[in-house]
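After this come two complexes, each holding subunit A, first together with subunit B and then together with subunit C.
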Partner chain A sequence: MQYPDTEFKEKIISSIIISAATVSSLLLLAMLIFILRESWPIWSQIGVSGFLSGSSWKPLNTPPEIGILSMIVSTMWVAGGALLIAAPLGFGCAVFLAEFSPRPLAAILRPVINMLTGIPSVVYGFLGAAVLVKFFEVKFDLASGESLFAASLILAIMVIPFIVANSEAALRSVASEYRHAGIALGVSRQYLTLRILVPLARKGMLGALVLAFGRAMGETMAVLMLAGNTLRMPGSWFDKGEPLSALIALELGSSTPGSFHYQALFAAGLVLVLMVIAVNIGINLLFNRLQKRGDDFI
Partner chain B sequence: MKRRIWLSVLLCCILAFTMLAGCASNESGSDNNAATTEDYSIKIGGSSTLAPIIAQCADNFTEEFKTWNKVDASLPEEPIVIFVSTGGSGFGMKSALDGTFDFGMVSKNLKDEEKEQFADGSITQLGSDVLVIGVNSENPVAQVKPNLTTEELVSIFSGKIKNWQELDPALPDRPIVVAVRDLGGGASEVFDSAVMKGNPISDEALQIPSMGALAGKIMDNTDTIGYVSSGLVNQNPDKIIPLSVDGIAPTLENINSGAYKIGRQLLLVSKDKPNKMEQKFLDYLLSEKGLKVVEELGYVPVAH
Partner chain C sequence: MKKAIRDKLLLGWFWVSGLLILVILLAIIIYLIWRGGPFINSQFILESPRGFPLGTEGGIFPAIKGTLWLILLALVVSFVPGLLTAIYLSEYGRSGRLAEIINLLVQSMAGIPSIIIGLFVYAFGVVTLGWGISLLAGGLALAIMIFPVIVVSSRDALLAVDENYRLVANSLGVSKSYTLYRVILPRAAAGITAGLLLSLGYAAGATAPIMVTAAAVIASSSGALLEPVMALPYHLYILFNEHLSLNYAYATALVLVSLVLLLNILALLLNSLQERMSKQ
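Right after this comes the complex of A and B.
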C-alpha cells in the first residue's frame, strides 16, 4: 500500500503550498484595498479624471488643488527615457554574452553586471547627485543640473542588469537545433544571431524590457535626488520634474495623517501601483498573443 | 523523491513557526505597551531635525547614568534604553498619538488644533530652529545686496524675479535657482507663515528632500538661494552666506529677542503625561547639559 500513502502526503503538501500562494496573493490584494481605503475621499470628491488630468498640485491651499498629471508625465519620461538608454546597451550586452563572448570573458562580465543590481539605490542617487548634477552644471553651463534626463541616466544603469540577465536567458533558451542548422547552412555568426536567434528570443527580450520599465517607474531614491522635484509640467526630457515615487517619498513624512494631503499621496501611490500592474498585465497579454502567432514558427 | 517531500514539509513547518512566532512577539509587544511600568525603554521618533539632538542627549544620558536607579533611587535597577528614529514631524505626531513612540519629535510651530491633540499629554520646547536665507559664498549678492526685504524674498521665491540682474543691476545675468524643502513640510510651513504669507512658491523651485542636501545644493551651486537651518549655516560659515531680512541679521541676539522672525520650534510631544522615567529624561534635556547639545548642533536653545 505504498501508493495511497504517497498520495495522501502529496495532498497535504499541495494544500500547504496552495495556502502559502493564496496568502501571498491576498497580501497584494489587502495592500491595494488598504491604499484604496486611505485614498477614497480623493476619488469620491475629486474624481478619477479630475485627479489624473489636473496639473496643479497645491494640496495645502484652501480649497486644495490636487492633480497629478505632471507627475505621471514625469514618471513616464524618466522610466521611458531610462529604457531608451538601457535597451540598446542591455540587448547588445546580452547578445554579446550569449553568442559572441569567449567563455572566460563572459565568466567575468556576467557577475560584474549582476553586481550592479546589488548596489543600493541611494548610493546610485548620491553618486548621481554628486557627479552627474555637477557635471551638467559645469559642462552645459546650466543654472542647476537636476533633470529628468539625469534621473533616466542613473535609472538606466540600474535596470541594465535586469535587461541583460533576462535577455541572455531568453537567447540561451532558444533550441540548439536552430544554431546547428544555421551553422550547417554556413550562414555567418552575425546572421545567425540577429536574423534567427534574436527573433526567436524576442518574447523573452520584450519581457525583460517591460520588467525593467516597471522597476524604473517604481524606483524612488535615485529619482528623488536627481529629478529636481519641480511641480511644473515637464516639457522635455531635459526639464525638471517630479515623478510619482519622488512625490510620495518627499511629502508623506511631513503630511498630517488623515488630512486631504495625506489621502492625496495615497491616491498617487495607488496610481503608481496600478501603472506598474497594468504594465505587467499588458506584457502577459502580449505574450499570449505572440505565443499564438508564433506557434507555427517556433 | 522521499527526501524532497520531507524537505518541503520541513520548509512548511519553518514557515508556519515563523508566522506563529511573529504573532507571538506581536502579542507580547502590545502587552508591554499596555503595562508601561514593565517597559524600561523610551521610544522617540519623528523630525529628522530633532533626531540628532535627542540621539546625542540620549547617548550622554545613558552613558552618565547607565541604569535607572542611578537617575533616581526610587526607580528600578534596569539599564536605560532610549530608541531614537526619524521619519518627519508628521510621522512623529502620528506615532506619538497611536502609541508607537512615547515621544514624538516635532519641528514646527503647532497649530491650535494640533496642540489640542496633546492636551492630555505634554508638549516640551527644547529650542528653535531658525531658517536663514542663504546663498553661495561666491555669489556676489553677499557683497552687493546683503539685505533683502520681505517683498524681494517673496518675488524671488514665487518666481516673479527669475534673474539675479533683475534683483540688482550690479549682479550677474544668471538665472536664480530657488531651492526649497518639500512643500507642506515643517520648514516650508515656517517659511510660508513668516515670509510668503500664502503666496505660492514658484513651480520651478527645486524641492530638496533634506535640509542637509539643501545646504549642499547652495554650497555647490553659485546661483542658488534657499532657506537653511541656522545650524547648517553655522557649521559651514565660509560656504553659505546668510542674508539679512528687512535689515535684521539672523544673529543669536536677534533670534533670542524675537526680532528675527523666520523660525520654528523644536518640540517633544506625548499623548499621555510622561511617567517618572520619561520626566527624568525631559528634565535632562532641559538642563544645561541638554541645551548645550541643542546649541552645539547649531540650533537656538530655549531660554531658561
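Right after this comes the complex of A and C.
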C-alpha cells in the first residue's frame, strides 16, 4: 500500500510525463498546419491542380507564374533512379551479411555500414561534385557534368545502408523453422536462401526499399550540389533538373516574407512533405493487404 | 544445370555488393585524408578565415565553434522532451492507444525531410518571431530534427532493461518514479547516452536546416543566440560552391567527417557496454 502523499506525487509525475510526450509529439501536426497556413494563398488563388501541373516557375514576373511540375518530375527521377541503382546492391549486401558472409567480415561490415549512414550529406554532395562530376566532364567531354543521374548515383550510396540494415533485419526475422527444415532436407545454402528465405522476407525487403525512397525524395544537399539546378522540365535521366528540396533551399533566403514567391515555396514544401508521408502510408497499406492475403503466399 | 549457374552468379553478386560497401567507405575516408590531410595544421584549426575573397586563407575556427554551439543548443532543447517521451512510451504508456499514436507521430517525424524543418523554423522563428538568421533558430531546427532520434534510441535503451527489475520493484511496493530513477534509468544510461551522441553527430552534419535558419558565410560564432553563426557543413558548401578553395574544402570535409565519425564510434562503444549492462 502506498501513502497518500506518495500517491499524489506519483500522479503528478506521470501526468507531467504524459503531457510532455503528447505536446512534443504534436509538434509534427503543428509544423504541417503552419506550413499549410503559410502557403494557403497559393491553394486558394491558383488551385491545387494549377500549382501541380504548371511547368513554369517565374514567381517574380507580373503576373507570377508558379507551377512545380518540373520540380516534381526531377524529384521522382532523382529518387527513383537512386533506388534503381541502390536496390540490387543493397539487397545483395543484405543477403550476403545475413547468410554468406564469414563471421569476421560481417563484424567489420556492420559498423562500416553504420559509419556510411553517419557521413553528412554535404560531404557526399561535395565528393560527388568534386570527383564524379569532374570525371563525367573529362570522360564524356561535357561542358558541365551535373545531371539528375549524377545526383541519383550519389543518393544511391547514401541510401544503400538503410536498405541493407532493414532488409537484413527482415531476413533475420524469418522464423527459424524454415531454416531448420531446409537444412534437415539437405538443400544447399544457396537454395535455402534464394528460394526459401528471400521469398519469405520479401515484404520486409520491399518496406526497406520504400523507406529508402522517402529518404531519397527529401534529401537536399547532395541533390542541390549535383542535379544542375535548371528550372526546365527534364527530358531524361541525364538532363539537369531542380528537385523540390533544392528549390526550397536555394530560394527561401531570397524571397520576401509574405510575397507570392515565399508562399509558393511553402506550397512546394507542403507537396514534398505530403509525397513523403504518402509513400510511408502507402507501404503500411500494402503490408496490410499482403497480410490479408495470408502468409502462405507472401 | 542452368539453375546451378544462376545460383553461382547470384552468390558472386552477393560477395561483390558486400565488399563494394567496404570499398566505398574506405575510398571516401582515404581520399579525404589524401586530399585534405596536408592542409590541416594548427593554423587551419585555430584561426579565422582570411584572404580575398574571404576563406581562401586562414582557418575554420569560427565554423568549428559555430557547429559546437549549434549541436549543444539542439541537445539542450530536445533532450528533456525526448527523454520524457521515451519514458512515457516504455514505462507509462506501453501498448496503450495514446502510446501507439505517439509512436506513429514520432516515426513520421523521423521521416520528415530536414529541409522542411528548416522551412518551418524559418517561417516560425526567423520571420514570425523576428529572430532573424540566428544561432537560436538553427539550434531549434536541429533540435526538432534530432528529437525523434533521441526518443527512439532512449525508448529502446529503456525497453532493453530486464523486465524482472520492474516486476520485483513493483512487488516490493516501490513507487514507479523511484524505480525509474534508481533502477531503470541507471541501467539504461549507457544506451541513452549512445543515442545522444548519435544524434549530435547527425546534427553536426546537417546542412539544409541551418542553411536557411542560422548559417552565415562569415561570423564570429561568439555564442550570442540572436546572431548568425558559421558552421562546418555550410562552410564546406560555400568553399566549394563559390570556388574559394578546393584544398580547404577537402580539409574542412575531413574535419567534419572526423568529428561525426568520432561521435558515431563513441556511440557504438557505449551501445556494446549497454548490451552487457542490461544483461547483468
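In the analysis below, the second predicted complex is superposed on the first by the 271 of 298 C-alpha atoms of A that agree within 3 Å, B and C clash if a C-alpha of one lies under 4 Å from a C-alpha of the other, contacts with A are read in each partner's own complex, and residues count from 1 in each chain.
The criterion applied here is as follows: a residue touches a chain if its C-beta (ideal position, glycine included) is under 8 Å from a C-beta of that chain, and two chains touch if they have at least 3 such contacts.
This structure is a prediction, so every number in the text was calculated from the model and none was measured.
When both complexes are overlaid on subunit A, subunit B and subunit C end up clashing with each other. Applying the stated contact rule after C-alpha superposition, one finds that A:63 touches neither subunit B nor subunit C. Once chain A of one complex is fitted onto chain A of the other, the partner contacts of A:276 are limited to subunit C, with no touch recorded for subunit B.
When both complexes are overlaid on chain A, the residue A:257 reaches subunit B and subunit C alike.
Touch criterion not met for A:102: it reaches neither subunit B nor subunit C. Of the two partner chains, neither subunit B nor subunit C is touched by A:235.
Between subunit B and subunit C, C touches the greater number of residues of subunit A. In the superposition on chain A, A:13 makes contact with both subunit B and subunit C.
Contacts of A:249 after superposition on the shared chain: both subunit B and subunit C are touched. By the document's definition of touching, of the two partners only subunit B reaches A:134; subunit C does not.
Of the two partner chains placed around the shared chain by superposition, subunit C is the only one that A:220 touches, whereas subunit B remains out of contact.
Mapped onto the common chain A, subunit C and subunit B collide along 130-138, the only clashing stretch among 130-138, 148-156, 202-210 or 256-264. Subunit A residues in contact with subunit B (one complex) as well as with subunit C (other complex) are 9-10, 13, 16-17, 20, 129, 225, 249, 252-253, 257. The part of subunit B that touches subunit A in the complex is made up of residues 5, 8-9, 12, 15, 87-91, 93-94, 114, 174-177, 182-186, 200, 203-209, 213, 217, 220-221, 223-224.
By the touch criterion stated above, subunit C contacts subunit A in their complex at residues 7, 10-11, 13-18, 20-22, 24-25, 28, 31-32, 80-82, 84-85, 87-89, 92-93, 98, 101-102, 105-106, 108-109, 111-120, 122-124, 127, 133, 144, 147, 173, 175-177, 198, 201-202, 204-208, 211-212, 233-234, 236-237, 240-241, 246, 249-250, 253, 256-257, 260-261, 263-265, 268. Put simply, subunit A touches subunit B in their complex at residues 9-10, 13, 16-17, 20, 58-61, 129, 133-134, 137, 143-144, 146, 224-225, 228-232, 240, 242, 249-257, 261-262. Of all residues in subunit A, those touching subunit C in their complex are 1-2, 6, 9-10, 13-14, 16-18, 20-29, 31, 34-35, 38, 88-93, 95-97, 99-101, 105, 108-109, 111-116, 118-123, 125-127, 129-131, 157, 160-161, 164, 188, 190-191, 194, 211, 214-215, 217-221, 225, 245, 248-249, 252-253, 257, 265-266, 269, 272-273, 276-277, 280.
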